[in-house]
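Common to both upcoming complexes is subunit A, partnered first by subunit B, then by subunit C.
So, the complex of A and B:
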């Protein structure tokens, strides 16, 4: 079987498994819904002045979006390998294909999950906060690239945590420090896409193309590092 | 490490500390010129933290290649020293930042990078504590420290230094002869002292591994 076929088989298995139970999608969806409800409730109590409220909401919209994405990922994406160990299917996966194919299949499944959730979360969050997005295409690009990096890190650290005895809070503890640069770039890039920091120019690319490049660089390095290192923990 | 080397390191450390506190003039162009001497302690700590951060990653690679627990022991000791010097860098930098920039913490890119490094090492030690089997613990630790070493310092330091203009730290620092005489010899002395500490710690780990091997063969 070719590497691509193995990867596709793992991805298809993840999709079938998720479609049968829909547990992950439902739990993450409810998490996002709860988070958005809490944000809406908290910010409804801000200053009654619409102009001031919009000013505050615009400034913090990017940070809130990325916090929701990060905590959603921490809740759901790390279980990809843990589930295999709990069900006893990990050995079948080890026998089935190359480690890089297994990791890539899981990573693609996680990426699809987090991208779907972000596609739902971002518009609803901006609607709740009453924020208008000045540059929608760069916003989509920033969120997509950021989510890809988040999925790569959680797919890798999820595999690490599945080999340990203390699983609960360890995933977030391992992942959040590594994700700090991606988080910072994502928030900055999203802020510029919303239009908050585009004070020198209305052209997003001339003011913030660097943020997109940083996000893409992080993704490339994270994926490469994970592919090179995964075999050493998978075959332990 | 031989006795002459140890004496030399102690003399160098003592000499540099005496130079910093007794001879080094106050810095010019700083909000608190007297406190600017902190740079002579701050920068060497940062350099040594970087050296041991890469050393921890390098020993991790050696473990993954050779599967010798001594390489894992060297990696752990290097990680402990990297965490210690990252903490000292943060502490000295915060004291300086309060005087120079008005706040202990400013979310400057380099400050954030060092904070991320501290969190990475805290997570690393937590990860090690959660795995019982020594070989599995060594492999997982090596993999995590390599993964984190590639992402955090590179992207938290390299990109802010070369691609981001807004930073409270100067992009290119230029020091006069007095401060160069303080910073670089201090960095060498501190590095020598920490290598000495590392060798002692690794010797202790080697003895522990031999004892464990003897206990296993006796059992």
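So, the complex of A and C:
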């Protein structure tokens, strides 16, 4: 049986467990709903002219979107390995699973989760802020590639943190500096895709395609590094 | 078709406290080796060392199965079957789903789940969620999981824990059958009935 089939088994098990327990859906869904409600309440009280309001909202839409993604990831994605250690199932997983297949299965499950939440969050957020997206395809690509990198980093650092005794706050402290370039590219690409820098946005790909390439490159580096290092972390 | 385990001058410390001090012994397929000793003497640690779950401070552990060297910890993990109280199974999955999941991680080459569940006395409860299992039923499921991939080395840490009399008999039957098939069985126990299963006993002083 191939590595791919083993990875699929991990992914399928994660999906089945989540379907039965709804742990991630409940905690992450509540966080996203709360964040969007607060943003909605805060921006309903802004009272500059409609033009100025749109300008402000467009400027901060990308930052708010990536802020929600960061906190959603920090709330839920890092727990994949922590739960295995806390419940004692990690030992059976170590005895039976190939490390890279285990990591990849969990990374794919995390990616699916964060993509799903972003797919719900982004349209609602832009609706609340009244932002009209000029380049939907680059926006979807930016968010998807950005979330993939975020999931890769949190899946890896989650495994590192699960091996330590001092877990509180360590996950975000380890992940955020590593993710800074990804967030910078993500915010920039999102700003360009929603048309904030209007002068540059008439031909998105010639002026702003580099951001998408940066996001994809980061993903490739993060996934490769995690696959190379995970076995050492997992086997300690 | 042989199994050869060699423990050579193994030292294991937890912090400054030595648990195993230059432990050496050899064991081969077709025998049951009982590991006895007081609490904290390193019985469970020894099994975890053999399973490749922890590393020795010094010394070496070598394992050869049918002429193939499986001494590195990663290979040992997948070669052995381990029953230990700290191994938990997924409570949101049924007993059968747990067995099938771990078998899928090994390439679906294990013994049929139904057959194993019958053998450990869970034939009619295999479809129930593990969260509904009693402590004894979870132990039976651990035994089934450890045997699923036909391991040539079976490591049992307090295997009779929480088993009723019938469960104890079932375990004895399975262990004997495993030994008869030419496999090596290591049993860490303080239970005098389980200690009597052994062809040899090593006593850890602590």
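We adopt the following convention: the second predicted complex is superposed on the first by the 231 of 236 C-alpha atoms of A that agree within 3 Å, B and C clash if a C-alpha of one lies under 4 Å from a C-alpha of the other, contacts with A are read in each partner's own complex, and residues count from 1 in each chain.
As a working rule, a residue touches a chain if its C-beta (ideal position, glycine included) is under 8 Å from a C-beta of that chain, and two chains touch if they have at least 3 such contacts.
Keep in mind that what you see is a predicted model, and the values were worked out from it rather than measured.
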Partner chain(s) touched by A:225 [first = subunit B, second = subunit C, both, neither]: first
Partner chain in contact with A:20 - subunit B first, subunit C second, else both or neither: second
Subunit B versus subunit C as contact partner of A:6, first or second or both or neither: second
Partner chain(s) touched by A:89 [first = subunit B, second = subunit C, both, neither]: second
Contacts of A:52 with subunit B and subunit C, given as first, second, both or neither: neither
Footprint of subunit A on subunit C - complex, ascending: 51, 53, 73-74, 77-78, 80, 82, 84, 86-93, 97, 101-102, 104-109, 145, 149
Subunit A residues touching subunit B - in the complex, by the definition given at the top: 153, 156-157, 160, 163-166, 170, 173-174, 176-178, 180-182, 184, 210, 213-214, 217-218, 221-222, 225-226, 229, 232-233, 236
Parts of subunit B lying in touch with subunit A, wherever the complex brings them together: 64, 112-113, 115-117, 119-120, 122-123, 126-127, 129-132, 135-136, 139-140, 142-144, 146-148, 150-152, 154-156, 159, 163-164
List of subunit A residues in touch with subunit C within their complex: 1, 5-6, 9-10, 13, 16-17, 20-21, 87-89, 91-99, 101-102, 231, 235
